[in-house]
Structures are given as structure tokens and as C-alpha cells.
């Protein structure tokens, strides 16, 4: 069954047709990658999922309900979590607090006037957070400030925040962007581990073929705002259309 | 950072309570142990604590909080004029009115962030001030300030036949009453008004402490760090920031009400933007985002305003009288531009120094000094050894 | 109709002061990213440059009179400005035109003050939060105004314009109206023309010179320009000085309209921040447009016909406009996205 | 073991023993006995509290007030040349302090804000033990501090306060005003204006939009309309206005031939500058020269407005060029010490300090009720304004009022106004229940304890 369905989505910025009649369907429990050369409209498409952008036409359905017009926090509360291209975390807070915030959001909803509760006494939330931090392999002192972490650890922390919410759908926006090969491999391993322990549908937006082919169950190739191919990884590799799309880019560069 | 220390909250509360209650004794040697200033310490402490909940936690810098202080004062004053001199109804009404006022202003201002938010709050406050001074004079009594009159209704109080104005009371206990004890050549003044304000201060400090420790407070701190991430984490930040805004508005309203409980006159100047600026200065001077910082900042500024401004040349000559005349004249000459009529200059310099060298405010200064003493203690043995060899030479 | 036109002129005049101050403030913000609460103080110091110039020109020789006495019995002092003793009538004329001389005096002084301020204090605050910048510059503003108070007292010091430039001009005739229907003070027209020239020069400098282009590029992306091997810091220091000069000149020329005293800076501080925010933080044309817009609206709000409908509107118009603009246009009239929203 | 109580209301003595202090296990030393009134002086000296604007736009005026206070204290203590102590009649002071006690003083900053002024006065009463408060430079401050002194049980000698309300609807038993008021300004000015400008004038008022402005406008409108002038329009201007051009411009089209500026301080300086700039003074309207009137003048304002004040009528409480014996003595004494002539603010505060001290000496006590009684209805001379009386009914001082004009050829920075007429007291006097002053009552004197 499709958990996320994108139907006929188009988006235009001034003279640029960023998305042109995109159709996509993500199966529950799968890892679905969206790839494409630079400027293909990957990020625009992702922003349409999470409420940052409003498509000109078409709909985005999550579990049969439209996501259009919903605010980012409402979409999150439906069970869609997101990892950013550069890790977005709360740098002034401790590592543990970062994850606890996500866990609170899951438990208490988008707003709770919990003025006199004590964060310290929320043992359940704390245990969940600690466990997930352990799962993602963060070995740092949990009461340390999140600001001094390495970029790789920040990525782990961000993943932990998402996982603590036990989302139905996890959106990963170029999770290995700007990483060295070794870090990229570590991230791939991490994502694999997580997939083994947490059965979460994932959509990965990626530029790096290596990452995509190691992880994805299904791949959609986006070029010039449209999906040119949607298939299993092994079939994508030899597809001439994909080659053309990437080669065209290569020539352009 | 005090907020992050895993100190025992009970210990903090106990220490704070003792310090506040002993205020009249501790501050007497510094010339600040008289009721009016003590009351101001407590009241502006409340104001700054409330401001800190908004600014210190969420990072939203409001330049219009004095408006809520003024609204609190006016509503309390009208309660004194119409209903009763008992302070409780006055406090209740000022809390309600300032909450309503801050919901309206907060709802509109919080639609913008950064300096746009600051300017919006400033604009609302300045409008309130300008109108209070002129067009709304029937409600505010404009320049002269809203005061008690013998003819006021006060429907719950017995008819006043004494011919003099009544003074605010707590169920018959007059807040203006003071017990004076003279000892060690000093006067210690224990005033009911101060103790009433002190109790409110302690309660409000406790509430602020609980907010700091609560999930709500955690969310507010997250707003300051990364509002975008918080939105994508499923948190609707608007009600959180509005909540913080209204809470701090209520703190301000309460402080305004206490101002007229201790001195029944509400002047429009307390709504001016400079008054809003003052609470910003208090909070940052003491240490924004820390629990105790705002109280210390409020105390420091009110002390400067009330004590430094009274040091004239005659007083200075008294200070330096132990020196030979030429030297004392020199010192008077050097110091006098910074006190008395020059106390603003002193204040300006202090801000510049504190902000430049102690971004965390006086609390950071205290932490550094403590750290320095501790490290000094560790080194003291080796220093001693060196010292003795030098002495031997 | 004439009344409306007259208020329009008044608005242009007020607006030109607002625009100049806001232009300076925006230059500082745009180039250095610093929120300068001491900006009002720069305006005030500019005005006091005119005061100092006049003081210098009127330095007096003091002779104790042998015949006349003061009411308290001391010998009376007979004071004559040196310049009159030396140059006679020419000296008297020089004193009269002191405002004009002040312009040339203020340029190096303000440039110096600006550079010292930037190198001595502001540069340490580039990486600090805006709240810190606001506080430290606010502290500086207090210090500067207290120093001025200590030297010149709290009372306003009149700085009359030269007699030949006071009087009024019949603007109506130029516009084809009947004579005497629209008469306007000459000095205010001069002020308007002066600020128009300064604004034009500033824009020309930024748009047409290579120096200005580099600065504008630096405003957009400091690091990249730095990578090109250009010492952008030095240029930004110069821009701070330039902003101080613009603001100071606004103050010098304003003295005949408003006798300066030490609170002048704080009086204009809030106003010029409102102007800048309404125009859009970091937008130079926005600052100018908003300056004139607010000046004109303020003048119209003061009209009796308007006040009859909305009592007290002249008390709040500036702030009301700020609220309406910010509610409908989140980044001011011409602001860029993402500026000062953290 | 003795206890002392003080505070705003002594009626309510809390019978608390010093348990709080005792619990600290300190050896307590108690001195003093219960006072009969607030801050009853126990030692060999007595403290006066001088509350003046030291910051803000009126700081120069405040500085001059402080100079005068310092001089007054010197004279009371028998130092210096004695100043007006030589001319004051009757005089009880002996030049050895007051009631045998040496006078000391403390100073505070009103910031020209009601709140700050009250805080400052309170600290002088509560901390420094001031027995009286004096000074100030605006009516809002004076009324606020007067109310405080009434509650605290000390005497308040108001400084510069010109609003009718100070001794009108806000009058207090513990407060006395030496300065004149808006009604008196209007009554003194009207005849002079009539003889100078005729009885057929169309007047336009610009009025500062707060209580003082309103009372002055009302007073001037009443007085000028009584002599036949027509009020064309009255316009309120925000206190914060700097550039008055928008308010001046409509006057030209209104058909008015006279402009009254009910402004004080910086407001007045700026509005007058704008009016002159727009050429109002050279104008001919209805066949008459356009005229500007500034009902309340001070020398500092005249200084700030420079050339523009020349020939403009107004009123003032006192001027140093007066030739009577008292004024001469004061100017001489002040000039010797500070090398400048005193302002009217200095005169007012100097005289008030002396009068207060004299009343204490006469009544033999510092008790506000005794002192108040001695001041009520007190008639004296030799203080610069001719025969003067502190009226018992409202504690307003009645004396001649000076009508002044901006001097055409000033000889120095201080020589800006010339006295054109000394309006006799009878002409400016009014009944205590005059409608502009009605609505308040003195209440009873409050000694605090």
C-alpha cells in the first residue's frame, strides 16, 4: 500500500518550471530514493511534502490525507519526520535535551502548556531518548552541549531526534552531502542498522549514486522537473534515459 | 550558567528566600536599607524575572514591556479608587488586564521576529505612552499621574472621616508601616510593604524556576536556538512564544501593581520606551537566561539610580576627608563627574564595560571570580613557597 | 489645497532629515551588520559640531572694565570676538555664516569619530549577538550625550542661520499659483536641497565608483570579496566613517531649525529606527523612501482637519504606520528576506 | 529597649519588638526615643532635602536651583554675606542654623518624572532623615511630590510649578508654593497686552498637550476674552514634538493675528523658532502686525530661543535686574559666589529655603504642623517681590507679578529679558474657590507620627 502519493504536482518559480506534473508513490515499509542531477527539482519536491512550499497544481497524499496547506509541525504530528541537508539541531542545548524535545513533541503534541512539570522527572521520555541515542551510536556524554559535536555526530543526533518520534515516514534530504567517503560509508551503515531495528518507510533525496544503490528498494529519477524513470535499483543502472540525464549534466559542467 | 547547573532547586530557593528576607539588614551598610529602595529592588526584580522568561529563554527582545507595567499600575490604582484599599483585588485586576493587553500585543508582534518584533513592541508601547500622557488623561491623569483622592468611591471601604488619604493595606495591615531598629550606629528599617513585595518576589521567582525546569521552558529555549528545527519536530512554536510573552506581561503588570501598592501614584513615564529599555538593561546586566541574574541586574541599576545620583560634592568631600586636602580635592575632581548629576555617565560606562567584558552579565562575572579564587586556592601553596624565598632575600 | 501643499513641503523637510539619518544607519547595518543604537548620538554630535564651530569663531578677548561693574561688584568683563578685532566686518559676516563653515568642519570631525568608534569599539562586536550590539552602543550613546552635557549644559543652544538665508520664499509663484499663497522658509528649502544632494552623492558613490561597487559586493558576501584579496575591513571602516559624516551633516544643517541640546540624539533614535525598519533593514532606497513617507504622514496627521476626525492621531502616527507596514509587509517596504530575523 | 517607628503613616504603629534583629544574636545598641513627627531631628543638626532635575532637559535649571540652595544653607548657618537675611522682614533667623541646629542638606534627581521624583524624595525622607523637601521644575513633579510629602508628614516647598492645580485642586496642607501660577500670568499679562496690542485681536493658541498646558491655555483664554480678544482656535501639540512646522503652517491661513504659545522649556524654544522661521512676526494680518506671546518665560528658555525672543511679551516670577534691596542683596551674594546672576528658579528656591527655616525658628519647632501654621498667612517683605503673603486658604503665595519682554539689545547671555511692568498683587488675586482652582481641599496638616 502506498503511504505517500504525489499526484500531478507542478510548481513554477517565475520563468522556471521547477516541477512539471510529478507523480510518485512510496510503498509502506520501503526505502524510496529520489535522485537526479542538480537543479532537477529534488529539494523543491521535498519542500512540497513538508509544508514549506505549496504546489501550483496537484496533490500530496499521506496515508490518503492531503498534506497541502498544512504547516510543518502539523505534518510532523501526522508522522512525517525530516532530516536536513546540513544537520539542524539545537546547539545551545545538551545532546539529551535535543532528543527529549522530539520525544515530548511525540507524546504531548504540537503544544502543551506544561508549565510546572519537571524535565528531570520525565524518566520515561529520558529513557527513550537515551536508548535511541545508544541505537544511533552516539557515545558522547549526553549532558554535554550539542554545539561542539562533529558533523557526523550531529547527523546521528538529528537522526536520533527523528527516530525518537517513531515516525511513519522519514524524509532524508541528502544525508551524506559534503561528507568524505569514509563518513558516507559510516552513514550508510548507520541507516542500514536503523532499518534493521526500526521498520520505518524512508524517502531519500540523494545526489550520490553510491548511497542510493546501497540503500534503496526503489528509485525515482527526476530530471528537469519530471520523473523520467521509476524502478528497482538494478534496473536503473543500465537505463539509457538516466544515463542521458546525468551525462547531459556532465556535459553541461 | 546557573540554569544548567544541576543544583538542588530547594537549596536555591532557600538561599534566595533568606537573602531577600534579610535584605534590610544586609543592605543597610550600603545605604540601601530603606523601605522605598528595598521595595524597588523587589518590584523591579519581579519585572526583570518576567522579562527574562521571554527574552532570556526565547530570545525575543521586547522593547515595549514598560507598557504592561503601566497598565498594571493604572488598573491597580483604579481598584484603589473605586473598590477598596486592600491590595489583593488590585493585584488580581492588574494581572487580568495586563494579561489581556499582552495577549493582544503579543499576538500581533509575534507574527514577526528579530528586530521587526522589537520595533513592533516598541511601537505599541510608545503609542500607549503618548496616549496616556495626553488623550487618555481622564483615565490616566496624564502628566501628574493617577492619584488617590478623598472623594474617590471605594465602595467596599468604610467612609473615610480622617481627612487624610487612606494608604494601601493587606486586610487591615498597612503596607506603609515600618519598624525601625537602631544598632551599631545604623538604622535597620523593616517595612511591611517591602515584606509583601518580597513574598510576591519569592513566589514569582519560584514560578520562574519551575518554568525554567519544565518541558515548557525547554521548548522556549529550543525556540531561541533553532525555531525552524522545532517546527519540523512537530512543535507549534506560536503558542509557546505567546505563552512566554503573556507570562512576562503578567509579571510586568504585577510589578506595576506593586509599585502603586507601595506608593499610590501611577505616572505615565513608567510606560516610556526608556523604561522598557531599562528592563532590557537590567536583564542583560545581570545575565540574561540565568535565574538570578535579572534580580541582580535590577538591584544594580536601581541602586545606581537612587544612591549614585545623591552623591554630591559635599558628600564626596566627606568620603575623602581622611586624605590631605590637595589629594582629596583631586579625588573629588576625578570622581564627581560620575556621580550626582553625572550618574547617567556612570551607568553608560558600566554597561559598556559589562557588555564588552562580561557578555553573560554580572552572574558570569561572579562565576569567573569564584573560578579564579578556586584556582588560586589550588596554586596557593607554590605561591607561598615563592613568596617566602623572596622575603628571605 | 494650499494647506495640503504646505504640509507636503513640511513633510518633505522633516522627511529629508529622517532620510539622511536612516541612510547612515542603514549603511552601518548593511555593511557591518551592526545595530547601532549610538546613531542618534552621531546626529547630536553633528549638531554640536555647529555649536563648536560657532564657539571657535566667537572666541573672545576679555578685558576688565575699569568703570563698569557687575551687580555683584566685580569689574565688568568686556568681551569682543577676536575675529571681529582682526577682520572687522568680514569677521562679523564669518560668524554669521558659521553654519556653512561648520559643514566643512564637521566632515573631518565626524569621519574621525566614526573611524574611532568602529576601530575602538564596534569591531569587537561583529560576531556578538545583536542584543549585545544594541546594549553596548546604547551605553556608548549615554556616555556621549553625558559628555556633551558636561561641556555644553542641558539647555538648547541657538544656532541661527545667516540672515540672508532666513526669510521666506514664495514657492507658490514658481508653481504658477497666486502670489503669497504658498510661502515657505528659505532655510528649510535649502535643507531639503542639501539632503537631496547628499543622498544622490551617496548613491552615486556606491553605484558608480569601483570603491562603492566593492563595498556593495561586500555587503552581499563579505567572505568572497575578502578572498579576492581586497581588504574589505578597511573599506567597511571607511563606510562607518562615511555614515557618521552623513548623519553628522544632517545634524549640522538642522541646527537652525532645532536648537541643539544633549538629548537630541535620544529624541531621534527611536524615530530613525522606526524609519529604517519601515523601509526594510539593510535597504538603502527603503530608508530614503520610508524617511520621506513618515515625514509627510506626520505632517498631515498634524493638520487640524485630520485631528478633528482622529483626535490624538499626531501623537501616534509614526508608530501606527510602523505597525501597519510590518503587519502587511513582513520585511518593511523594501527589505530583503532573512535579514535580522534571528 | 526602645523602638522607633517611621514611614508613610505613623498612625499605625506596629507593636513589634526587634525580634528579627535579636534572632541574629547581635549585641544591640539602641538610641533615640519615639519621635513626635517624621524625622524629628535629635542631634545637633537638621537635614533639608533638595529634589531637583539633574538629568533631562531641565538639568541646567536644576543646577541653578542647587546653587541657590547651597547659598541659602550657607546663609542660614551664618556663613557668607547673609544675602537676603539682611533684607528679610520680619526675620527670626539668627544666623546660627535653625532652632540652634546646624542645617545640612541632601540632594536628589527628579529626572523631571513624577515616579523618579517621588522615589528620590522618599529616599531622602526614609534614608537621610530629611525634615523638608523642596525643589522641582515641572508641575507634574511638584504635584506628585507634594502628595508624597503630605502622606509622609514633611513640609514641601514647591519649586518651579506654574499649574493652577498645585494650589488648586491638588493643594495639600503640607505644601507651600512661592512661585506664581497660570491664572496670575494671565491676569498680569492681559492689561499690558491690551495697551500694547489693542482690544481687537484674533488669537491662535498652541498648547502642550498635558495638564499644565491645558490650565495655562484656559487661564489665558479667559483673561484675553474678558478684554475683548477673540480666540480663533486652540491646538494641542504632542509633548514630544521637535519640529513644530506642521502646527505653525495652518496659523497663516487661519486669519489669526496673534499667537499664544502655551509651551515650556524645549517645546517653547522650538515652537517659537518655527514661528519666527515661517515669518509670522513680520506678517500683516487684518491690518495689524502679527504678534507672538509666550505667557511663561524663564531666562534659560530665552537663552535657548536666542534672537527670536526679542520684543515678545511674557511673565516671570522674578528677575535679577530688579532694583529693590532684597533682589540686589541676593544677586550680589549669588554673583560673588558663582560669577553669574541667579535665575528665577534660583530665586524661588533660595527664598523658599529661607522662609521655611524662618518659619521653623519662629514656631520654635520642626513639626510640620507648627511650621505650617507659622507659614500660613505669613506676611513678609524684602525678598525681591515686594510685600508678600502666603495665603492660609490655599498655601499660594501672593505678590506682584512681573511682565517682561525679550530685550532688544542684550548686553550678556544673562541679560535677555527686561521688566516692562510690575503688576500689583491686587490685580492678580483671586478667591480661593475660583472655578479654575476649585475641586480640592488642603486637608489637615500631617506631622507623620
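Every chain is named by a letter (A, B, C and D) in the order it is written, and numbering of its residues begins at 1.
Quick note on the criterion: a contact is a pair of C-beta atoms (placed from the backbone, for glycine too) under 8 Å apart; a residue touches a chain by one contact, two chains touch by 3 or more.
From a predicted model like this one, the values you see are computed outputs, not experimental measurements.
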{"item": "Other chains in touch with both chain A and chain D", "value": "B"}
{"item": "Comparison of B-D and C-D (more C-beta pairs in contact)", "value": "B-D"}
{"item": "Identity of the most central chain, Cα criterion", "value": "B"}
{"item": "Per Cα centroids, the chain farthest from chain D", "value": "A"}
{"item": "Chain A-chain C separation of Cα centroids, rounded to whole Å", "value": "52"}
{"item": "Chain C-chain D separation of Cα centroids, rounded to whole Å", "value": "36"}
{"item": "Centroid spacing, where centroids are CA-atom means, of chain B and chain D in whole angstrom", "value": "33"}
{"item": "Centre-to-centre distance between chain B and chain A (centres being mean Cα positions), rounded to whole Å", "value": "46"}
{"item": "Residue numbers of chain D (touch at least two other chains)", "value": "59, 63, 209, 238, 240"}
{"item": "Sequence positions of chain C contacting 2 or more other chains", "value": "315"}
{"item": "For chain B, residues that touch 2 or more chains besides their own", "value": "130, 134-135, 344"}
{"item": "Chains grouped in pairs wherever the two touch, ordered by label", "value": "A-B, B-C, B-D, C-D"}
{"item": "Chain C-touching residues of chain D, taken from the complex the two chains share", "value": "56-60, 63, 209, 233, 235, 237-238, 240, 242-243, 245-247, 249-250, 252-253, 266, 269-270, 273-274, 277-279, 300, 303-308, 320, 328, 331-336, 339, 341"}
{"item": "Footprint of chain B on chain A - complex, ascending", "value": "50, 71-74, 76-77, 81-82, 84, 88-94, 97, 100-102, 104-106, 108-120, 122, 161, 165"}
{"item": "Chain D-touching residues of chain C, taken from the complex the two chains share", "value": "2-3, 6-7, 10-11, 13-14, 70-74, 149, 153-158, 160, 166-168, 183, 185, 187-188, 256-259, 261, 263, 267-268, 298-299, 302-304, 307, 314-315"}
{"item": "Residue ranges of chain B touching chain A (in the complex, touch as defined)", "value": "4, 210-211, 213-219, 221-222, 224-226, 228-237, 239-240, 243"}
{"item": "Chain B residues within the chain D interface of the complex", "value": "25, 31, 33-37, 40, 130, 133-135, 137, 141-145, 147, 150, 163-165, 167, 174, 176-185, 187-192, 259, 263, 265, 267, 269-270, 305-306, 309-310, 312, 314, 340-341, 343-344"}
